[in-house]
């Protein structure tokens, strides 16, 4: 069965090649069929694999030896186990839906760009699958940078607009910073263990070779990689800018799949993290900080996609919180549910933007409820899911993380809940401004507003269903014993960590209390948000004070420019203009000038006067005698010098 | 012995041919024939066949080294006459006499390559120098030529005085004029038994030889004389005569070098560095190619002095190789130079367009002078450095030498740049096909020697 | 103090004095005359050293031929004290100093040359006589003797080449 | 026999080319010659028995130098690189016109002969010969067909490298007289046991020569000017192949002969190289000229190789080996693009370019691939080399690896900057009527891209090709 | 007569010659000073030859020819000197013809 695994990435690769090479010749329908079909095919294969794994465990398939150097050997191998197969389903499934969606969303593009778009998208899926399937860190790194590349290409998809290009560049470079950390971690592993294959690295005897310092360093470096990829403080600023890309791209890459690569990677190496409590604390704190920080920014954004972007960042923060407190299952669970509802949100937003002719400012929307019922309904469900209203999927996953964080450190819990409340607030602010109230856009916009075609609504519906029921795979213990099927499914992956980590269960009463409390609070916040924005009128007056700061995202970009970018540029200029020209090259040329100068001086010796010539000769003779008869002292003198 | 006798007789022949024939080309023809004959005679000599057998009473000593150098010198002169014969004919009225003087110089050269004892050294040097004073002044109407001639003469006479004083002191110290017999010297450097008079004499002798080979700080006459003298004769002076000076120098000192000990090495080191410095650095800023070549000849002298520093078989082979490589290259360049309208660097601008063959030949000659591999010049320099390293001399001086070699590239390549990369219409007067062919053969030979130096060195072991 | 010694010192004094006069006298003609005086003194030394042949040759060749030639040229150009160019005083000074240094060097060397101690240039012996010199010249030294002819030839040719209008 | 033919074919064909006056014939002839050489190389390396890879005959018996050629793994790979790059260059610049083309292509082929010689010579003096023979044609090429500042710039480059090689000559001489049997043979150099003092001294004589050639940080200033001023096809030779001479020589002539010294000074050199990497990358960020940018980025890459050599780590060494080839391919690809742009639009300045992606999508795609190869994206060939080299560097010193890693980030910055400024955004005056690239360039670039990807996905053959050298260098001493 | 005396005397004359060369501008006078140097050398040679002769006398009696080479050398020096003078004066005259001066300080067309 698992021999089929190579098919999974193969289909998207083929799709990429076909679309990429044939984009000029093929028709749009053809292109979309090929693009989506490829993903569908691999989704099918993934399903097969999934059940295979469910039935009889994971397996590793080696295709060929990628690098076989002196000190180590890196096979090009795929590993299919519970974790990866789950991710396979998410990627290919949601991937397929989004491809389908795109075929309508991108329809105005001229054929060759349309083809380019789909080839990029396929390439992305391919790299993402490599990332997930790779049986060692190097293959994962290939996918890791591959998705970075695709994200670069897709963010800058409309390359005529230079701001988009800058956003793309920013995304790639920030990812590169993270990648360096990842790479160093890999080197560290190879240096210490001579292998980067999961199976070997996590083997007990190899782990015993690593000092606790090694593990801490490796995990930290890996986490740096995760920061870059999953947009955590301090490397998160690229994600909001990445919204420059087409909306489906944001849905697929910057919500559902790529940004969760960091979580996948940490979940994959959970044993290492469990063995490095220090790192875990770092992860938890940074995750929490990101969650709350991004949430505050999201409160005041007016671009529909920006809001979603920051909410993504914040949700990713929650996942890292979960990883940090050892709730690996919870994190993965949240990845899954988040993939559902966040993709849904983005697609809904896309459908709105599509309807509004690329208007993204929510202050200019409103009252779309009656024009686009499906979009509205699905969007609402998604909002409820992300806000964490039971029994929607978001509730279970978020609750699991929060509970775990409480048992780790109550403070985490309280901050987390605060973040959750903010989430509820800004989501419903967004919802209200978009769909409720009355229309605030221009007239001909109002004229054209319409529900999107089926290729767009169908994915919405599917995702809506998923985000409603998706949570049921992880019903907490408190409701029913062994109802948490996901946990059981993933158990083998986290078995080792589970052994090490200490378990302390809260008694049920407290858990009920926490759930109830948080849910109640969230509902209150929602009502408040809806009420306060139902009657919203676009006003010109500037925000002031805190809200201004929030609107400007805490001025973080400006801070980075001032602290890192500009000084670096200045340094580069200094090197280019001063050191290089005057310094080093000046030195080289200086030698030449010295020779020229000496030449001009020595020529004067040739005075043309016989008398002087002979005078010098005579003096030279005298000097010769002196040299000859004082040779010893002179030799000593030279020996002193040299 | 053959070389000495025949060249002297040929000198006389040229004198009388001046009376008999009026056509100038005839003189060149006779000279060429004579040189060929001279070459043959000298080769025969090295196979032990003599025109007349003379008992030299150990005043002359014919060894392969000297014989071989004679052949080189004569061959070089032959090439010189073939390439620059026209120019010699143009120079003044008494062409035949000039040829005669050239032959007398060759006589002196062949004495210097075989002298055994200071007396013959002295005579050889004088026989070589006196005709040169005349040749330098051959362009009688030209004030520069006169001035050069007078300068050369005065300083030459002065250095003769110095040399004689040196010889005298040596004689006083050792009681003989013959070389290398004084055991107190070869016993190893400055031991008390060594006569101070002799040391003083050797130093003075060294000084005068340095003067002859234009080693700093006794080089001052060189730029002025080479610059002032008519181009044709400059090329003769700068090549064959200078090489002969070096041969004499080496033959004079090579036994002593070991004996004279560290102070000798020190002194020589100073002279070498000074020569390289002055020659190379001063050449950098010259505007006239002729004068640049004068300075470069000083620089080359600095390299040739390594033969004395090394003073081993390597050095002896090397000096021969160097002499031939240097002579060929310089003769080639001068033969082109004297055809140019103006002698400055700009005068060469764009020669590659107007006269590609000349440009190519000049380039190869310059590369050879610069010691670029694949040319004879490389192995010449290589042998010099190798002899020093082999003799266990200090690497420092070798490094200095190569750095100066790099400097030399600077001014040699200025000519190449002018010819190839700069735009201009340099024209060369009366360039015949024969001349071109000759140049090409010359450059071909230079390249060949650069690939297989054994072409020349092989002779050395016959 | 024997007569030879007295003569030696007299002649030396004469030689050095006249030599200095060659330098200092403004008029070239006087310089020539003083130089001739030097040559005479030196010939005197030769005689003291019993080298009669050289003494005579010295007088004939130098004092006779060469100096007359000089005198002749000077007359030809009618150089005299007025036309005589003078070097800058500092140049003279430098020249004198460096020459002096040179002299000092060699003298000091001679003083260190211990092996010269107690060795004399005797006036006895007869190698200076024409008979012996002639024998040696035409037996052992015949080759250089012949070769000098080349020297004269070249000098002659040269003089002609240069002298021709 | 193979190595001899590798030297002789370009030599003879080159000399013939001088006499071809017609541009078309000269181009066709030289292209044909280079293809023949490629064929010979491939057959010789992959198909003929290894005995053909050695050649030895007396040359200068009187000074103990033999005309002996040995093609070990590294030699094979670099010969392959040389043989591949020349046809590529000829095809890519086939449309360019040079005044008196005969001499141009003749000199190119002569340079190729010299390069081949350097890579196969196993006799010190012979090596020195070819070292210069490779330099001189390039000097004339640059000075005759280069940009307006060509003469001064090229002259500086020439003198600079010439000083280096002269110092090396002194070193060679010294070693020669240290050898018991007075021979220049590489093997007898390897067997030398030098006193530590002299080893230190001579080491630097050699290293400076190679450092100038590579070039390593403080000796690099000739390079950007030379690359900028010389005609692009020559720049390709210089940066694609000639700089490898330095690396090659350092591996073959430095490490084994001076084991102790190279151990002792490794830290200095590695620090220099890493400094150079950061320095060059930073400067590259501020460049406005494609050629200068590529020049500086190439300095950075070379710095990494140099550092990896002196880690004395096998993995790192393997990385250097394969990277020598990859860097050659990638940088030639970039130069081709630069040349196309310059030929078509008459400028290389970013500030005067933009929006080419709309006009020439194919060019855009190819350039993007080359650019990402330049920043060592996985599945491109450069990734393999840099991955291995970083491994070596890491096991030498973690902080060095980290510092060097920063330059990888900077590489992304400047390369993407170039891509963006050239391809993206709206078209400007110069690029208004730009057109798609012509067939020959397109196909040659496609070939290069295929090589890039293929070696990036399956590098193992390349790594195995040079195993013998790596073992010999690191474990026999 | 102790040989040192002769040495000192000749060195003195020689140095006077040098000083003359250095201090006079008249080419002819300079040349004369050179001749003075040569004569000093001659005298010294003769003195040395007699010195060596005395040794020879001591060794092999009255028939000894030791030291005769010195005197012959003097003879050759005179020959050379004569030749030099003829050429030198010719050159000086030629110079005078063109410039009407024998001042060596005017010989400065060639320099640097």
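Note that the chains take the letters A, B, C, D and E in the order they are written out, and that residue 1 is the start of every chain.
One rule holds in what follows: a residue touches a chain if its C-beta (ideal position, glycine included) is under 8 Å from a C-beta of that chain, and two chains touch if they have at least 3 such contacts.
Since the structure is predicted, the reported quantities are computational estimates derived from the model, not experimental observations.
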Each chain counted as touching subunit A and subunit C at once: B, E
Chain pair whose interface holds the most contacting C-beta pairs: C-E
Central chain (distance from its CA mean to the mean of all protein CA atoms): D
Greatest separation from subunit C - chain, by CA centre: A
Farthest chain (mean CA position) relative to subunit B: A
Length of the line joining the C-alpha centres of subunit B and subunit E, rounded to whole Å: 27
Chain centre separation (subunit B, subunit D; CA means) in Å: 43
Centre-to-centre distance between subunit E and subunit D (centres being mean Cα positions), rounded to whole Å: 67
Distance from the mean Cα position of subunit C to that of subunit B, given in whole angstrom: 32
Junction residues of subunit C, two or more chains touched: 87, 91, 94-95, 98-99, 102, 106, 109-110, 116, 141, 144, 148, 151, 154-155, 158, 162
In subunit D, residues with contacts to at least two other chains: none
Touching two or more other chains - residues of subunit A: 603, 606, 608, 610-611, 614-615, 618, 621, 625
Pairs of chains, among all present, that meet the touch criterion: A-B, A-C, A-D, A-E, B-C, B-D, B-E, C-E
Residue ranges of subunit E touching subunit C (in the complex, touch as defined): 1-9, 11-26, 28-29, 31-33, 35-36, 39, 42-43, 46-51, 53-55, 57, 64-69, 71-72, 74-76, 78-87, 89-94, 96, 102-103, 105
Partner subunit D, residues of subunit B touching it in the complex: 372-374, 382, 385-386, 389-390, 395, 398-399, 402-403, 405-406, 409-410, 413, 417, 420-422, 452-454, 457
Residues on subunit D engaged by subunit B in the complex (per definition of touch): 59-63, 128-129, 132-133, 136, 140, 143-144, 150-151, 155, 158-159, 162-163, 166-167, 169-170, 173-174, 176-177, 201, 205
Subunit B to subunit A touching residues, read off their complex: 151, 154-155, 158-159, 162, 199-200, 203-204, 206-207, 211, 217-218, 220-221, 223-224, 262-263, 266-267, 270, 277-278, 281-285, 396, 407, 410
Interface residues, subunit A side, partner subunit E - complex: 603-604, 606-611, 614-615, 618
